Every structure is written in structure tokens, then in C-alpha cells.
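Inspection log for the structure reproduced underneath, given as C-alpha cells.
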Amino acid sequence: MSTVNSAGDAGLDPRVKAVFDDIRATRGTDFINNFWRYLAFDPALLESTWAEVNRVMATPSGLDPLTKEMIYIAVSVANGCGYCVHSHTGAARAKGMTAAQHAELLTIVGLAAKTNHLVTALQVPVDAVFDQDAAPRS
Amino acid sequence: MSTVNSAGDAGLDPRVKAVFDDIRATRGTDFINNFWRYLAFDPALLESTWAEVNRVMATPSGLDPLTKEMIYIAVSVANGCGYCVHSHTGAARAKGMTAAQHAELLTIVGLAAKTNHLVTALQVPVDAVFDQDAAPRS
Amino acid sequence: MSTVNSAGDAGLDPRVKAVFDDIRATRGTDFINNFWRYLAFDPALLESTWAEVNRVMATPSGLDPLTKEMIYIAVSVANGCGYCVHSHTGAARAKGMTAAQHAELLTIVGLAAKTNHLVTALQVPVDAVFDQDAAPRS
Amino acid sequence: MSTVNSAGDAGLDPRVKAVFDDIRATRGTDFINNFWRYLAFDPALLESTWAEVNRVMATPSGLDPLTKEMIYIAVSVANGCGYCVHSHTGAARAKGMTAAQHAELLTIVGLAAKTNHLVTALQVPVDAVFDQDAAPRS
Amino acid sequence: MSTVNSAGDAGLDPRVKAVFDDIRATRGTDFINNFWRYLAFDPALLESTWAEVNRVMATPSGLDPLTKEMIYIAVSVANGCGYCVHSHTGAARAKGMTAAQHAELLTIVGLAAKTNHLVTALQVPVDAVFDQDAAPRS
Amino acid sequence: MSTVNSAGDAGLDPRVKAVFDDIRATRGTDFINNFWRYLAFDPALLESTWAEVNRVMATPSGLDPLTKEMIYIAVSVANGCGYCVHSHTGAARAKGMTAAQHAELLTIVGLAAKTNHLVTALQVPVDAVFDQDAAPRS
């Protein structure tokens, strides 16, 4: 149950079709998950989101692909986005996440949530040593 | 400004002193950051939290220490915990996080937040392919 | 699947029946959506909530009805309330929200979420110019 | 640093003055905390909020006053509202919360945050037994 | 639909079986709810979580069991964890929560959410009187 | 107190200088608020964020500029981002938001937060009528 119609494969807006074609080519599979099919209700939002996801997540960089996916999962869990947790857990597995790494990711996420709440409840003041503006610039 | 008193170094409860001594020995520094000084208002909570943080974050495991810290930062940002963002950004730097990796971490966190909100706004249904219970068990 | 029973139309508590009658008269339809049927488990909470929603959302004021609904959707998305996103997207459409306005609303919500997370990750200090208490009072 | 001006004690709007007088009489103290002074930027919002807080928190009911304050703290921590954590921790102490009860409250809040995040990460399906709509009505 | 497989009752890892046996013995029922069945994907996480829940929630302490469950519900609502709201509402009922107490709990949760958002929107500065570090130590 | 250094006006990276020049030209003021000065720690993130903010918020579209700012404030409040609330409340005032409109915005935000939490606590099922996928496509 959703708030907009999803796009099928027929009768697509040319801009939507171009993005779908690029998703298929980039991923090497015909399957397009629901996020893109629903985002297609607005071609401009679909285009800009796909371009950003592709640039951030698929461009070789200083973080390896699996680490990126685990960071994505962590944010999605903390923001309570079920779909996002599902899709990025799937992506992390496809990039080699083992069951042990998954368990460790969740253990850290749970611990961070606990200490986040304790800090908020205690209203702990930030130690001066953590202030980067006070640090000597390199 | 906080909701409980912080503990100094004098006149400590023996259980608090034991944790502070262990923090200093484990980290090889005399400095104890505010989280532990405020958590000391309850020796049992201090003990159990330090034990858990130590076990999860400092035990060699399938994720390297820097990856763990970046996951911790990601959760803390999404949960809006300023102190936690400060302290774990400091910890990640101490474990070798470069400015480029920090920038990439934040880029992923910002992108994930955006797509999390889009998914929630669209109420995208989960694709059947992401259901692990439906997957063949190994 | 819910945590309380929903109210049907028969055998209602008189206070619940009075609110249901008022909802039907105000909206000019016999349909009563689930929020009110479940909130009916406590007549006092039903009465006070309906009175507040009616006063805030239906009283002519300095913001037009569609703008109000879009603000409501924005909060509901950020709070991760799926039901609320569904019901207020429906209400916004009934008040004239076009597909283009819906897309623009979501684009802003997604952008705000991204910059919210970046600000939290950077712990940006508030500029003095934004302090209203420091502004001259009119 | 705030987004609106706070109200002092001189030259007040009569509706604001009436609420301030009622706060002082109800609480038996001349002190008015900042929440009310800033909310005074809109007399209608000040009136309705004070009326609601008074009705919910100060009317004798099936939950004792201290339990109510601890629930309020729990929500405020989870929503990350520092001011609210401060003011309601103060209120809970004024109603008799001991240091041990405070520590236990925080221990539960931290544990709930941890399991909340684990459940979201696992996307645990709700057990049928928890469905109240399926339960026999009394 | 979940991100990991759930554990049935056959062919269990001995550590998982030991926890399941302890859950059954502690609760006096053969039923094991899904949280534990899914958490079983990692025996270490299952063991530590069950031990923590048991210690915090089931050990006699300065807060009565029902108050603890209502605090747990409050956090789960604010964190938007549907499963947690279901399971702890069930637990609270089992510990004697009446419909009137449930309604009052929700009334407080809703009010706290409202004032939390107002405080954040106004950016109310914390009153000096709430600073515990400035208070005389006992 | 922040997690990265802020950029002054001297010795800037050319890409940072170009964005700062564009911000000044676009807004017709020499003032650059802290968000951009801190985001400057990563020129690529600064460029892409400024481009997106400019495109979404400053391009004439189907929503008027003040409505856009109020939606931005609503998301920022619900996400608990103090800096964002300050800066976008300032921006909304600059675009003509009156005190009455500000009060009404906050009234809606507070009400939405309350009903969001009630819906989550009740776990209200979505009415079939809100399912857009079931609606006839235009």
C-alpha cells in the first residue's frame, strides 16, 4: 500500500525509461526494485536521485563498497525505514557481507542506540578536547 | 549543563574507581571523557556500559576498528546525539579516519537520510525478493 | 494488526457516537477512517483529539488548507508515521494538491533530511544573527 | 539562543498574564520556566498548551504523578529534546524520584533503544498473538 | 517479511536452545515470540540481549514491573518501533495495565511529543535552575 | 563546538571560493552562514549541496517560496536539528512569514507530532481507501 502509483514497464515516460535502462545496464540485471518504480511518479526526482545514488555508492572511493552499504543500513535502521533496511541489507549481502559481519553491524547499531539515549538523558556536555575548531589547522 | 553530577577523581565509589582505572589502562591515557564521568552517577550502569562498549568496540572481530567507529557515527547522527557525534568522530580520527573518508561518510549519511524520507513519503512496499524468510536456508 | 480494538458503528458509547456524528457532518461523508475508530477506545482522548484537529486544521486562518496539509505530511514523514503519511496525502489531494506539488513537497522533505543530517554530523554552531532574543523587539 | 523572543514580566498581553498568574498559583512559586516564557509569543498556543499540560499531568488519575513524569522523560529522551529532558527530570525529582529510580529509568530507556533498533534492523514480523483486533472483545 | 531467517524449534544451535529453554522456564509458557526467534540468527547477540532484558525488566527493583513496561512502550512509540509497541503493550496488559491506564499512557506520550516539537521549534534555552552540576552535592 | 574546521574568507580552495562567491551573488549579501563555512571542509560536498539547495529552494515552481521554507522548518523540527530550525526560521521571516503564520506552523507541527505518536501507539492499520496503487490511473 503506497501513496503513489508504481511504474510498470510499458508506456513509460522517456525520461523514466532512460533511467530504468541505465539501472538495468549498471546492475547487469533486468530486475528493478520498487523504490525506483515508485519514484518514477516524478521523472526529475527519479533522475536526480538515481544520479546521486550512483555517484555516491558506485564510484570507487576511499571506502570499500561493503563498508558503504553497512553505513547506509545503520542510518536506515536509526531512521526507522523498513524498506531501506530490507533493500540495503540485500545489497550488502550481494557485496559479500557475511552473517557474522551482519551480526556485528547490528550489535554496534544497538549499542550506539543505547548510549545515544543515555547521553541524551544525562545531557552530557561535550569535552573541550573534541572541539575541532579549537584544534590547530594542518 | 546536565541532569546529573559528574564524577571528579577524588572520593570515588570503589566500583566507579575500578572502571576509571580500567578505562585509563585500556586506552593508555589519563584522560576520561565526560560520558563516563556522568554515567558514574550509577555504578551498575557505568560497569555494564563500559563492559559492553569494550566488548563490542575493542575486541578484534570481522569488522576493522575504523569501520566500527564509522557505523557508530552514522547511528549517532541519525539519532541526533551531538555528544556522541563529537566523541566518536574523535575516536574515528584516532583510528586513522582521513578527511576524505570523513567527507565520504557524511555524504552517504546525507544520501541515506534523503532516500529514507522519500521511501517513507511514498510508502514503498517491500519487494518479495528481499524477504529472507522466503529464501532457501543454507 | 493493532494494539486496541476498533469501534464499529453499533453499540457505541454515546460520547464516541457524538464524535462520529460530528466527523460525518463536518466532512459531508459517511466514511470514518481508522484513526478515529481506533482512538475511540478512549472517549476522552477521541473527543479532545478531534476538537484539536478540527480547530487547527479546519478553522480559516493565515495559512491556506493545502499548505497546512503539506506541513502535516512533512512532519509525519520525518516522524516515520506511515498511517499519517497515507491519510494526510489523501487529505492534501482532496484539497487540490497536484502531482507536481506532491513531487516538490517530497523533494524538499528529502533535501531537508539530507541537510539536517549533515548539520548534525558537523555539529555546526548557530550563527549569532539567527538569535531572536538578541533582535530588537518591535 | 532561540527563534522567538521570550516574555519578561512587564507589559504582558492580558491573556499571557492570566496564564502566568495561573502557573504561579498552581505551582505555588513565582518562578516561571523558559518554556512558558517563549511559548508566550502566541497567546492562543500558550493557553491551549498550559490547559492540556495541566489537565493531563496535574489531574488525579489512574497513574501516580511520578510515573507520569518518568513516561514524559522517556518520550523526551527518545525524541532527543534536551530542554524537555532537563525540565521533566527536575519535575520528577520534585515529585520524589530517587537517584536509584532515575538510574533505573535510564537503564530501561537505553535497553528499549537498543532492542528497538535490533527489531528495526531485523524487520521482525508481529506475532499474531499481539493483534488486539483478533482478541475476543470483553 | 524480515532480513534474516527465524529459528524454529528443531535443529537449533545448542546456545540458542539454551536461551529458548530459559525463556520458556522463566515465563512459564511454551510460546516464544518472534523477536527471540529472529535474534537467534546470532547466538551471542541472542544470549547477551536475553540476559540484559531479564536483568533489567525481571529483577525486583525500585520500580514496579508495570511502570517499567509503560516506560518501555513510551520509548518504543517515540522510536517508531511497531513490533516493540505490540509486544510491550501485550506485556503491560499481562502485568495488569487497565484500559484506562493505557489511555492515560498514550495521552501523556502524545502530549510529550507535542511539547517536544514545540521546544525544538522555539529552541528554548535551558533554565539555569535545571543544571544539576550547579546544584550542591549531597 | 564542531567536528570540523570552518572556512574563513582567506586562503580558500578555489572550488570553495567559487561557491562562496555564488552564495553572495545569489543572496545579495556578503554574509555567509556557518552551514556553508563548515561544509567547506569538503569542496565536492559543498558544491553538490549548494547546487541542490539552490535548485530546489530558489527555482520558481508550483509552491511559493514561503511555503517551501515552512515545509523545511517542519522537517527540521521533527528531525530535531536545532541549527536548521534557526536558519530556516530566519529564511522564512526574510520571505515574509508573519508572527501569526509562525504560530500556526508550530501549532500544526505540535499537533502532527501528537497524532503521529498516537497512531504509532495504536498501530492503526491503513484504510484501503488510501492505497494509491489500487486507485484507477489517470
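Things worth noting here:
So that you can tell them apart, the chains are marked A, B, C, D, E and F in the order they are listed, and the count of residues begins at 1 in each.
What we mean here is this: contacts are C-beta pairs under 8 Å (C-beta built on N, C-alpha and C of every residue); 3 or more make two chains touch, one makes a residue touch a chain.
The UniProt protein names, listed by chain, are A, B, C, D, E, F = Carboxymuconolactone decarboxylase family protein.
This is a predicted model, so every value here is computed, not measured.
Judged by shared residue numbers over all numbers used at their interface, subunit E and subunit F contact each other through mostly the same positions, with over half in common. Taking C-F and B-F together, the chain pair joined by more C-beta contacts is C-F.
Of the chain pairs A-D, C-D or B-C, the one whose interface repeats that of B-E, sharing more than half of its contact pairs by residue number, is C-D.
If you average the Cα atoms of subunit B and of subunit D, the two centres end up 27 Å apart. Per-chain CA centroids place subunit D at a distance of 19 Å from subunit E.
Across the assembly, subunit B contributes 1-4, 41, 45, 49, 52, 75, 77-82, 85-86, 89, 100, 105-107, 109-118, 120-123, 126, 130-132 as residues in contact with two or more other chains. Taken together, the touching pairs cover every possible pairing of the chains. By the touch rule above, subunit D contacts subunit F in their complex via residues 1, 3-4, 41-42, 44-45, 49, 75, 79-81.
Residues 80, 85-86, 89, 99-100, 102-103, 106-107, 110, 117 of subunit A touch subunit E in their complex. Residues 73, 77-78, 80, 82, 85-86, 105-106, 109-118, 120-123 of subunit A are the ones touching subunit D in the complex.
Residues 1-6, 48, 52, 126, 128, 130-135, 137 of subunit F are the ones that touch subunit A when the two sit in their complex. Residue ranges of subunit C in contact with subunit F, taken from their complex: 1-4, 31, 33-35, 38-39, 41, 45, 49, 52-53, 56-57, 61-63, 67-68, 70-72, 74-79, 81-84, 86-87, 89-90, 98, 100-101, 104-105, 107-109, 111-127, 129-132.
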